[in-house]
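As written, the chain order gives the labels A, B, C and D, with residue 1 at the start of each chain.
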Amino acid sequence: MQKIINDPVHGFITIDDKLIYDLLAHPYFQRLRRIKQMALAYLVYPGAVHTRLHHALGAYHLMYKVLIELRLKGISITAEEEQAVKIAILLHDIGHAPFSHALEHSLVSVHHEEISLLIMQKLNEEFDGQLQRAIEIFKGTYSKKFLHQLVSSQLDMDRLDYLARDSFFTGVSEGVIGYDRIIKMITVLNDELVVEEKGIHSVENFLIARRLMYWQVYFHKTVMSSEMMLVQILKRAKELIHQGVSLFSTPSLSFFLKEEKQSADFSSDPRCLEYYTQLDDTDISTAIKYWATCDDQILKTLCTNLIQRKLFKLKFVSLEEGKPLFKNWLDRVQPNKEQENYFWLEGDVLHTGYDNKGGKINILFKNGSLKEISALEHGLISAELQVPVKKHYICHLN
Amino acid sequence: MQKIINDPVHGFITIDDKLIYDLLAHPYFQRLRRIKQMALAYLVYPGAVHTRLHHALGAYHLMYKVLIELRLKGISITAEEEQAVKIAILLHDIGHAPFSHALEHSLVSVHHEEISLLIMQKLNEEFDGQLQRAIEIFKGTYSKKFLHQLVSSQLDMDRLDYLARDSFFTGVSEGVIGYDRIIKMITVLNDELVVEEKGIHSVENFLIARRLMYWQVYFHKTVMSSEMMLVQILKRAKELIHQGVSLFSTPSLSFFLKEEKQSADFSSDPRCLEYYTQLDDTDISTAIKYWATCDDQILKTLCTNLIQRKLFKLKFVSLEEGKPLFKNWLDRVQPNKEQENYFWLEGDVLHTGYDNKGGKINILFKNGSLKEISALEHGLISAELQVPVKKHYICHLN
Amino acid sequence: MQKIINDPVHGFITIDDKLIYDLLAHPYFQRLRRIKQMALAYLVYPGAVHTRLHHALGAYHLMYKVLIELRLKGISITAEEEQAVKIAILLHDIGHAPFSHALEHSLVSVHHEEISLLIMQKLNEEFDGQLQRAIEIFKGTYSKKFLHQLVSSQLDMDRLDYLARDSFFTGVSEGVIGYDRIIKMITVLNDELVVEEKGIHSVENFLIARRLMYWQVYFHKTVMSSEMMLVQILKRAKELIHQGVSLFSTPSLSFFLKEEKQSADFSSDPRCLEYYTQLDDTDISTAIKYWATCDDQILKTLCTNLIQRKLFKLKFVSLEEGKPLFKNWLDRVQPNKEQENYFWLEGDVLHTGYDNKGGKINILFKNGSLKEISALEHGLISAELQVPVKKHYICHLN
Amino acid sequence: MQKIINDPVHGFITIDDKLIYDLLAHPYFQRLRRIKQMALAYLVYPGAVHTRLHHALGAYHLMYKVLIELRLKGISITAEEEQAVKIAILLHDIGHAPFSHALEHSLVSVHHEEISLLIMQKLNEEFDGQLQRAIEIFKGTYSKKFLHQLVSSQLDMDRLDYLARDSFFTGVSEGVIGYDRIIKMITVLNDELVVEEKGIHSVENFLIARRLMYWQVYFHKTVMSSEMMLVQILKRAKELIHQGVSLFSTPSLSFFLKEEKQSADFSSDPRCLEYYTQLDDTDISTAIKYWATCDDQILKTLCTNLIQRKLFKLKFVSLEEGKPLFKNWLDRVQPNKEQENYFWLEGDVLHTGYDNKGGKINILFKNGSLKEISALEHGLISAELQVPVKKHYICHLN
């Protein structure tokens, strides 16, 4: 069998494996069509409405490509491993909550990767154990470690695709990366992914582009403020429900608003996964439309303002600088204590350009020596880029 | 004031007029963020999730560009006319129903342009008559006819943008057009838009690309079948509600499901417009998720299958060829009469490559003579392209 | 071995075969770096300075891709055949004269494909017979006919590359084609290349785009007039040399200016090929710079005007319309008989959108039936597109 | 008057000024068609055959754009200044030698900008003083300093264009910059160009991309080695001519080979400029073809190897590391002293990512404060990027 799918980013994506096709067609995977990759970033970048499903397909496509390259270089990968690592990347984000990262901890207290694993295990049952190897690769327990690194590492197919895709759909050229060159330059040494010397500049560009995308797009003030409003909305709704207030929500959303689910719940209560796999952006968006007319002034304000794009003001200021601004705001807005909690937010964002604690990017030189990307003479990925950049923000109703 | 917006299609879009900025910020316009430009085409082309708002901004941008070009050519356009024609294009689609054309006649019996006009008039009141000239241009009653043609004609900014945008987001290169060249070649003669001789090939390419997009994308079998399922869903829901069955729907959707609204209703009952401007893709999508678990077997089947992407089969066959296929289907599926009506659909699609009944595209030659694009010697836009192509289809539950 | 080459059109081109690498490195192939693909078109389209070598690499790359696709579809292609057909496309244009088609018949009376074959045979000797199968494929005598069709037919890799490349470097979006989709849709039936049903629109777009490129770019009035001046320059130089006038030229150019070489000469006199393979755009350009200061008024005028881009005026007019224009020109310019012959040119250009005499494009339907692209119901490639379009031109010193 | 020119990089370039059009048409400007922007880089990047003329048009286009933006921001620029600054950028490189930077100091001992100025002055005479203001802007003596900065500074239209263009034609995505965003963000404060706060990331990206292009492309080992061979060729030819050996060269090349011209010569001897403006890549390329068959073994080797792309090996090694390599080479190649001088080269390349000695890039914050790009907290343009990176190389006949 062979199916091709048009992708404006990578051209044509080929599906030539029955099992992979069946996984694509499964409702669990189709759910990702209804989850935006970049949450509310489209409020600033109108093109950024692409979905998790599209990203999963793209990452699968890059995996398809990199496997061909690795084999050309003599790296041994069996047909079973090929299928497994393709499945692992295809499903790596299948456990994402609605609005992707924006609601990561607002709906359940479980990391999306943990849920991805649970869903893969469920699919493994349905498909008679055919996902066993994919699961091992995903978990990092499979014997060939580099296969896991292709799915999850500093330079995995996930990151290559999302950077390329997010810069494409936002139109932010600062995020353009040479992913095709990186893929040509990746190889395996001692069961670890490394990058050939000729790929140094592409990797430097990739790390710099990633950092620029963080500060220009993912941490864009308006993007952040809209996503914080979304978080406040969920928090307020939960509180009201806890107080016994009756609020509209879809059945699957209700389930998670009523009480905070933990990892343990997902294991013990099958309804957790059942409801979770029915939850998507639609449930949240509809609830917000309803709540925009509810009686609670706080929830109503948050929802109405988000729908009409009357967003909180967000500023990066130091803790010190924030204090007088907070006082001014209190004087001007005169909130009660409860309003204050919902309408004035402070916190930190943090990003590390190249964080080699979670794994290094090593460069393989022609003479066989190996050097970390941050240890190159005259390299761009200097010590500074490894220091986390932390910015304090205030974010409030205007 | 000056705002710029990133657009992956056109680069940067500039907003430099306070009134236009305020219209953009208005909830009526923001609603377009929640209406997909290409309805369910994303089930085939995963990138095609762009919104009506994005298209409206794009068409506005092309208007911005073409006005600069026309002025360079000595065409007189006052500052007031400039603002008005920009507003007219920005709002030309503001009356679109959820899922754009797919639900055009399923929710209300009023054409979307008529509703666009009603909404513009409402905005005109809110903005103290500042949209008066824009409305005249939109309606075609303004003295300078060519301004209306820039908004609505065979070669308007609407068409240039949607073709460019749809081919960009689907990744279908057959739809690529030289819109920037066309814009450079447009001029005005006797108050009519015409295209300079050097633009002939770009216009030919535009008409051919449009035709190819119709048959490859807009009339793609899977796209059509999904949109027909959507239409059937709305039809069934209305019928059930008419029968007194209780079905979930949001307040604004309820309003339109209960009884079919006509033009007259929009004039007489202010709730029509009020509810309409709250209606978007979310309302429909959520209803479908609810209805997928309802008691009615027909509605449940339609909704479940659409959500899970188990779509009707669609085939282009002649009326004759369809007959035995219908019999086979009856034998195989054994539907009751009601099911038959919902699960077997037949009809025609029709497209005319260049339909000069609604206005001609005229070419201005260097010697001052004028010729219609279809009358050129050795031209590509032959008589054949003016004949409507009609294809009969069958579309049914598998 | 594996080498990758950056190509702005196709991304990365991979060379993974020693023989192919050696052919690339051969001076005969390197010569193509100094021959512009589009001759003097850069006088109108400043970006169109790409070379024959670049095109040859691009066509090779598409061959690389299509072979992968064909094998995925179960078409049997041996490793030897793969190498051979890649070599055949790589060398298909190796016999091109300087300035590509513009000087096709001005330097020698031999078609460039015939010389390509001679050069391949010479290389075959150098490489101990390793090009034998490539030569057979190129000539069309190899048993598997479809391999020849990949190199030379209505839909060969040559055409796909040059259209994509020429539209890229000129920036003419009317020539954009979906070559990657066509490559996915090509298959083999009864040893003939055919296109699967789903590729119909891409093939239509390809044929239309090709036609548009002919009239907008290749037959652009200014492009044509500059190339005609070039032809006149060579003609005049030959005549002067024949008359015994001493004119500068490089040794290899001298050889061909002195007397017209025929096919037979290339077979009998080894110097023909030796000199030919040293000839490139540089020889012609330098000669023109010299001749711009020569004593012959005609040659001097032609050369000076070409260098300074003071080009002949070219107009498409009927034979009839041309007559009075010629008289006016005579009156105005007052040329002597010799000048008249060089400074006033008339002729016809001819292009057929889809010329199925040289081979057909057949569409393979799902039901197994086969139809020519021009025989499709509602197809774009109508009878009209098969009629040669002929335009008469006049072209003269201003 | 209005002319448009297709540019695959920027779209359409508009010429709407008679004087500018006449300058474009002048033989001095047309000469730039025959000078490659990136010299011999096409030996590595086959697409990099674009010309100085194309770059000059592109830089002019960006000037066209930035002037519109500056005026929108209320910066006063008169029509005369507009014309002048456009002319200044159009002609900024008109004094370039053949093969651009590669031969900068091999043909004459005068910097190309000095010659650009001489040519502008010559044109100023021809055009009756109409270039006076352009010359002042080019020299930096015009009252409005920011106009000069648009032509020549850390962030001028020259750099924006060449980076965008070189990355486009090489296909090196690491060089992609957001020049359109930068242009939107440039403004003027106290007669100096500054960049608005929102443009920080685009400027950072620009500086990083520039650095990457230097190391990946401009200082690519193969590019450098080919250009060094070219320099050696000219050096050897001069020496031979000095020794009285008779070597072919075109008249204009002869003039410069015979004796080294200094600034003073260009002022005193009108033939200098006359010959210089007739010199282009063709003269050099043809000479190399001739010299490849000359009697001098050194010149013959250099020329043959360059034509056939048998290039010197280049390695970046320290002075220390180079020593044993040099010995090995001597042992293996056994050159005589003269050959040694031509066939073994050593030296340093040097590049500074952001060199604020030649002018700073200042960021204008919303609060009105100004900070240099390298002084930003958490900025990418750290102290390290201001330190010149110096690499020692050896480059030798293989």
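In this section, a contact is a pair of C-beta atoms (placed from the backbone, for glycine too) under 8 Å apart; a residue touches a chain by one contact, two chains touch by 3 or more.
Bear in mind that the values here come from a model prediction, so they are computed numbers and not experimental data.
Engineer: Give me the chains shared as neighbours by chain A and chain B.
Structural biologist: C, D
Engineer: Relative to chain C, which chain's C-alpha centre is the most remote?
Structural biologist: A
Engineer: Roughly how far is chain A from chain C, centre to centre by C-alpha average, rounded to an integer in Å?
Structural biologist: Taking the average C-alpha coordinate of chain A and of chain C, the gap between them is 49 Å.
Engineer: Using CA atom averages as chain centres, what separation in Å is found between chain B and chain C?
Structural biologist: Centre-to-centre distance between chain B and chain C: 43 Å.
Engineer: Residues of chain A touching 2+ other chains?
Structural biologist: 11, 172, 181 - these are the residues of chain A that touch more than one other chain.
Engineer: Mind pulling up the chain C residues that touch chain D in the complex?
Structural biologist: 5-9, 11, 25, 27, 30, 33-34, 42-43, 45-47, 49-51, 53-54, 57, 168-172, 250, 278, 282-283, 285-286, 289-290, 307-309
Engineer: Which part of chain B faces chain C closely enough to touch in the complex?
Structural biologist: My answer: residues 172-174, 176-178, 181, 201-202, 204-205, 208-209, 211-212, 215-216, 378, 380, 382, 384, 389, 391.
Engineer: Once bound in the complex, which stretches of chain D touch chain B?
Structural biologist: Residues of chain D touching chain B: 2, 4, 11-12, 16, 72-73, 180-181, 184.
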